[in-house]
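Look for chain A in each of the two complexes below; its partner is chain B in the first and chain C in the second.
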Partner chain A sequence: MKFEVMRDSLLEGLSDVIKAVSSKTTIPILTGLKLEITNKGLYITGSDSDITIQTFIPVEKNGEQVISITEPGSIVLQARVFNEIVRKLPTNNVEIEVTNQFQTHIRSGKSEFNLIGLDASEYPMLPEIEEERQFFIPSDLLKSIIKETVFAVSTSESRPVLTGVNWQVKDGELHCIATDSHRLAKRKTAIKDLPEEEYSIVIPGKSLNELNKILEETSSEVAIVMTQQQVLFKTGNVLFYSRLLEGNYPDTSRLIPNESKTTILVNSKSLLQAIDRASLLAREERNNVVRFSTLGNGFIEVSSNSPEIGNVEEQIQAEEIDGEELKISFSAKYMMDALKAIDGQDVKILFTGAMRPFILKSVHDDSILQLILPVRTY
Partner chain B sequence: MSGKHRIIFHLDMNSFYASVEQAHDPSLKGKAIAIAGNPKERRGILVTCSYEARAKGVYTTMSVWEAKRKCPELILLPPNFEIYRIASKAMFEILRSYTHLVEPVSIDEGYMDVTELDMNNDAIGFAKSIQDRILRELDLPSSIGIAPNKFLAKTASNIKKPMGITVLRKRQVNEILWPLPVIDMHGIGESTARKLESIGIKSIGDLANANPNLLKEKLGKNGVRLLNRANGIDNRAVDPESIYDTKSVGNSTTLPYDESNIEELEKVFVRLSKKVAARLDAKNLAGRSITIHIRDANWKNKTKSKTLTSRLYKEQEIYQLALELFNASWNGDPIRLLGVTVNNVYDKGESVEQLSIFNFEEHAKEEPILKLVEQLQGKFGEDSIKRGMKVKKKPSLESKTSFSKDFLDDHND
Partner chain C sequence: MENWSIEDVDRLQPTVVKQIQTIVSKNRIGHAYILEGAKGTGKVKVMQFFVQLLFCESPVNNVPCETCRSCKRLKSFNHLNYMQLEPDGQFIKKGQVDELVHALSKTTIEKQRKIYVIHHADQLNASAANTLLKFLEEPQSEITAILLTDKMHALLPTIRSRCQHLSLSPMPTAILKQKLIQEGITDSMASTVSKMTNQVEEAINLAKDEQFGLVRKSVLKLVEANGRSVQDALMCIHEDFGPLLKEKEQAEQALDLLLFAYRDIVAIKASPIADCTFPDMISYWKQIALQTTYEQLSKQLEMILHAKQNLHKNMNRTLMMEQLMLNLQEGFTFV
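Let's look at the complex of A and B:
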């Protein structure tokens, strides 16, 4: 194997792939990256066995030649070392040559590295995925879907399935749901040409966070293929595979109440700021719990009390308060996360009782729903 | 504290469990006896042993089989915590008949602040009268340390046993304590001793004269505290209430075999979690973090902890977290001992609980009554009506561990 490649292009490809490589892997060869040069271009693959990323650098980009091939072939190189080397090479021309016994020479300018490579045939194959039933989402929309849900996944392994986001395809819509059992984020998106079958998969939150870093803030389409064990995201030159989580995702539809006893319409920003202030005194002692009550005159009161620090009360004018009086306590953090995930000026909050979940929605659109379980005070 | 010099006693019962056994069964007197877990199940270290056994080279923490080899006539007894608790309670009652400033620190030792007592300027004679009374009324030997503070008193009571009375003055620190290795100092364990050695501190004298900044860097706040102690300085008051501040609730067990079968280990975690949950429940406590202790067949110890956002007191949750921590750190080695501890505990009565999608319905059932209480409070004031507190439960069989402070529940009766 022997080829030359522009350092800039190589670096760009590496920066995506390296995200999949973990130093903690139990499979030694996965500490490496697989480089495969064919007459089409260079494929680089990295994996931690949960996430696999492959980037492709074509021989020609925008009419400019970035790779010249002398001899096709493949090799596995230590990911961290190779990445560092490429970053620090002295010129933009990089020559990579593999001689006998996987000896790999990396030359640039007057510098030459000799790395001990590994046999590329030992490297795991990419998951096999049939690409018939793929559908497309613009990259920037996919990014916001991820951001609006993934924050709510569980960080505890006690229910592994909750560390992922449940993606359901049904009725021409994609439903994405995340919950750590204390709060829930749900996002509905209408998508053209969805597959007809219903799908329900659980994608690890970690995978989605990594995917979000790779995706560009543009409207270019990302192709998505779901299978029983894997999900594949394809962009221009990147393939992103993620293992799925096993286990039944809890049915959360019954949690979302159809009716409410108290409905409040309030400016999202002023509520967010008031909660943030109240949580200053709640953070230390009381699990970051704030109290929220309706006052008779169209005002809401947000308060918090820490016996050893002090207390805070703040009144906010609501746009509208309908229904029963209400006193409820909840985590300031969950409330702030939820408010940040909802666009728009005003937010609608629907309560059905002090010990029951309540929901937050944007006034204008139904696509995002945030649900929070209250805190019981004794 | 006033400017007046304090006089603190530290009373330490001598081989307490063994002495209680001998007091109960005089036929055991003068014989080598030891208290140990069930030796058949290899729960095999001596918890304590009588002075007669010590004379034969038997010591606490020795394994049962080794002790038997050294002293074949050794009489092994299973622990009987009930009679130890009764004896402990009686002993503290005697101390409290002199002053209310009695601070129990464990089942068999405590501090007394006798500064304000009229002792006719004869603290030693006064200590002797307490010691004699405990021997006469309870048939139990003890040692008393007399010093101007708790640290020195504790150190002093350890100097002469059994039936010792030792005075340790601050000015004697350099001649008595300083030549000793740091490990002999109360409050320094193996790991601290190792850290100290790494910065060239071997004796208590080295510690007393060490650079405070270096100690602080190496050991944090504790470094400064130890430096003061090594110089005989300790300003802690004798606090009769301190025992009621339970800070953690934990149980551990040595396994009958070195175990590497995960299913068996899971069963052990079930048992431990059940015990811890029952003890938390007995005291109406919940915790904020959990620690597991692992000792492998080579006596290597490991602890793993996790802090939570919601309160921890349910058996199932304790079990799950414990197992999660264990699985994250276990490499398959055979395990000798496992322990589960819930830390940072506090009274559930003043607490909050984050509801979850799996349990809110249970709580929602109580909504009508909560609403009623709220309305009444709104009308008649916050204190007009409160939800009934849990009826205080008697510590049950489940709340017994040899090293726990549960015995202190007796002080509330």
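Let's look at the complex of A and C:
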């Protein structure tokens, strides 16, 4: 294998791929990056076995020749070392040549590096993608979907399936659900040209966080392909693969109450700030519990008390209070997460009693739903 | 990490290898196996053979081809569908099992069976074993567990009952002993080391190890001293065992040898021509055998086993030996 490539393009490709490589891996080949040169261009792949990122550098970009190929082939090189070398090379022309026994020579200007490579055939093989099953989401929308759900995944490993976000494709909509069994975040998105079949997969929360870092805040389309083994996100010349979680995701539709006894309409920002202040005096080891109660005159009271420190009370003007009076306690952290995810002006909170889960929704649309379980206090 | 090698495995363990070949060729692969066999019976080798045969893309006559992509990746430990767990210190801890379960609950990049191996499965601590149990019971996809152990009874009964058992046969002691004598090792030393391990090379190394010779001599001296009086035994511990007890491994060797010595006495009592660990001591054994009852001997064996347990619990070793001597003398337990 032998080719020449412009250093800038190579660096650009490397910067995404290197994010997938973990230094903690126990599998020797995953400390490396796979470089594969074909007649179309250069593919660079990095993986930590959970996520795999592949970038493609085409032979020609904007009518300029980026790569000139002498001989196609593939090699695996130590990721950290290779990345550092490329960054520090003296000229913009990089020549990479692999001779026998995976000896790799990297030349640029007057400098020459000799690296010992690994056999590319031992690198994990990525699954074939079926183009017809893909659908598209704008990048910024995808980012907000991730932001609105992924915070609610479970961090405990006792039920692995809850550490992921459940993505369901049905009735022309994409439902994304995350829960840690104390709270739940759900996001519905209508997407055109969804595949006919129903899909339900669980994507690890960690993978989605990584994906979020790579996605750009633009409206360019991201192609998504779901398979039984992997999910693939395709943006421009970057492919992002993630493993899935096995096991059945619990049916969450029954958890969400249909009717409500108390409905409160309140400015989300002022509620968020009040809860934040109240949580200062809520004890951390007891999940930052704050108390929330309706007062007769259209006000809500948020309070918190911890015997050794002190107590706090704050009243907020609600836009509207309907139904029974209510006293309820919940985790301030969960509430703040939920309010941040909704991120609108006004928020509608639907309660069905002090011991039942309650829902938060945006006033304007139905797409986001946050459910929180209250805490029993005496 | 040990090298991956399946050479000569069919000569080492012909029966089990045949069993494994039948399992794979009939495609009746279970979800969990326990590979049990004494030290030196080649458990790891058999496990590696099993794993490689399961993964190999083109096995020839039920033997892995050694040249396909899967075989090559196993050899370089680059196979993503193969995971293994070894004790971290004394035990396999819950965190390790959690991590393993988490890794196994994800789909794989390449669609294939997942296999995980737990070395020294008897060293799973209680909470780790229970975490594993849950996962052993209900694998979500094609997953096979292989547990390696030399102490089958130390595994939780609930784990044992959920696995298929493959027992490795030890090499007959007589054959091993003969091989050792051919190597120029004395008869008495050969008898002793053939009890300690089941592998020829390891046995030879042990027999030529000066430290081991010292341990052996001290243990025999201790047994004799203990026969005379408890004071002599305690003196003997302070004089000879001080340096030996510094290393845990040597302390364990010493206890093993002590156990074998008492086992010899029982064997001689039962039949004067029994096969002994210490043939050089046979006349002394006969003498003690006359003086003690089976009941006393079984109590004494129990005491030594108990001391071995205490050793693993990091008891002060000198105190442990002293306590053991008192217990052996009196025949009833001191706390």
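Just so we're on the same page, the second predicted complex is superposed on the first by the 371 of 378 C-alpha atoms of A that agree within 3 Å, B and C clash if a C-alpha of one lies under 4 Å from a C-alpha of the other, contacts with A are read in each partner's own complex, and residues count from 1 in each chain.
By our rule, contacts are C-beta pairs under 8 Å (C-beta built on N, C-alpha and C of every residue); 3 or more make two chains touch, one makes a residue touch a chain.
As the structure is a prediction and not an experimental result, all values here were calculated from the model.
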Overlay done on chain A, so just call it for chain B and chain C: clash or fit.
-> clash
Answer with first, second, both or neither: which of chain B and chain C does A:R376 touch in the superposed model?
-> first
Between chain B (first) and chain C (second), which does A:L255 come into contact with in this model arrangement: first, second, both, or neither?
-> first
Touch check for A:S329: first (chain B), second (chain C), both, or neither?
-> first
For A:R243, is the partner it touches chain B (first), chain C (second), both, or none of the two (neither)?
-> second
Regarding the shared-chain residue A:E157, is it in contact with chain B (first), chain C (second), both, or neither?
-> both
Thinking of the overlay built on chain A, is A:I27 touched by chain B (first), by chain C (second), by both, or by neither?
-> second
Offending stretch of chain B which, after superposing on A, collides with chain C (from 256-264, 346-354 or 400-408) = 256-264
So the chain A residues that chain B and chain C both touch are 157-158
Please name which positions on chain C make contact with chain A in the complex.
-> 69, 72-73, 76-80, 98-99, 101-102, 105-111, 140-141
Could you pull out which chain B residues touch chain A in their complex?
-> 309-310, 317, 320-321, 324, 348-358, 360, 363-364, 366-367, 370-371, 374, 387
Report the residues of chain A in contact with chain B in the complex, numbered from low to high.
-> 156-158, 179, 181-182, 184, 250, 252, 255, 286-287, 289, 327, 329, 331, 353-357, 373-378
List of chain A residues in touch with chain C within their complex | 26-30, 47, 49-50, 52, 119, 121-122, 124-127, 157-158, 160-161, 163, 204, 228-230, 241, 243-247
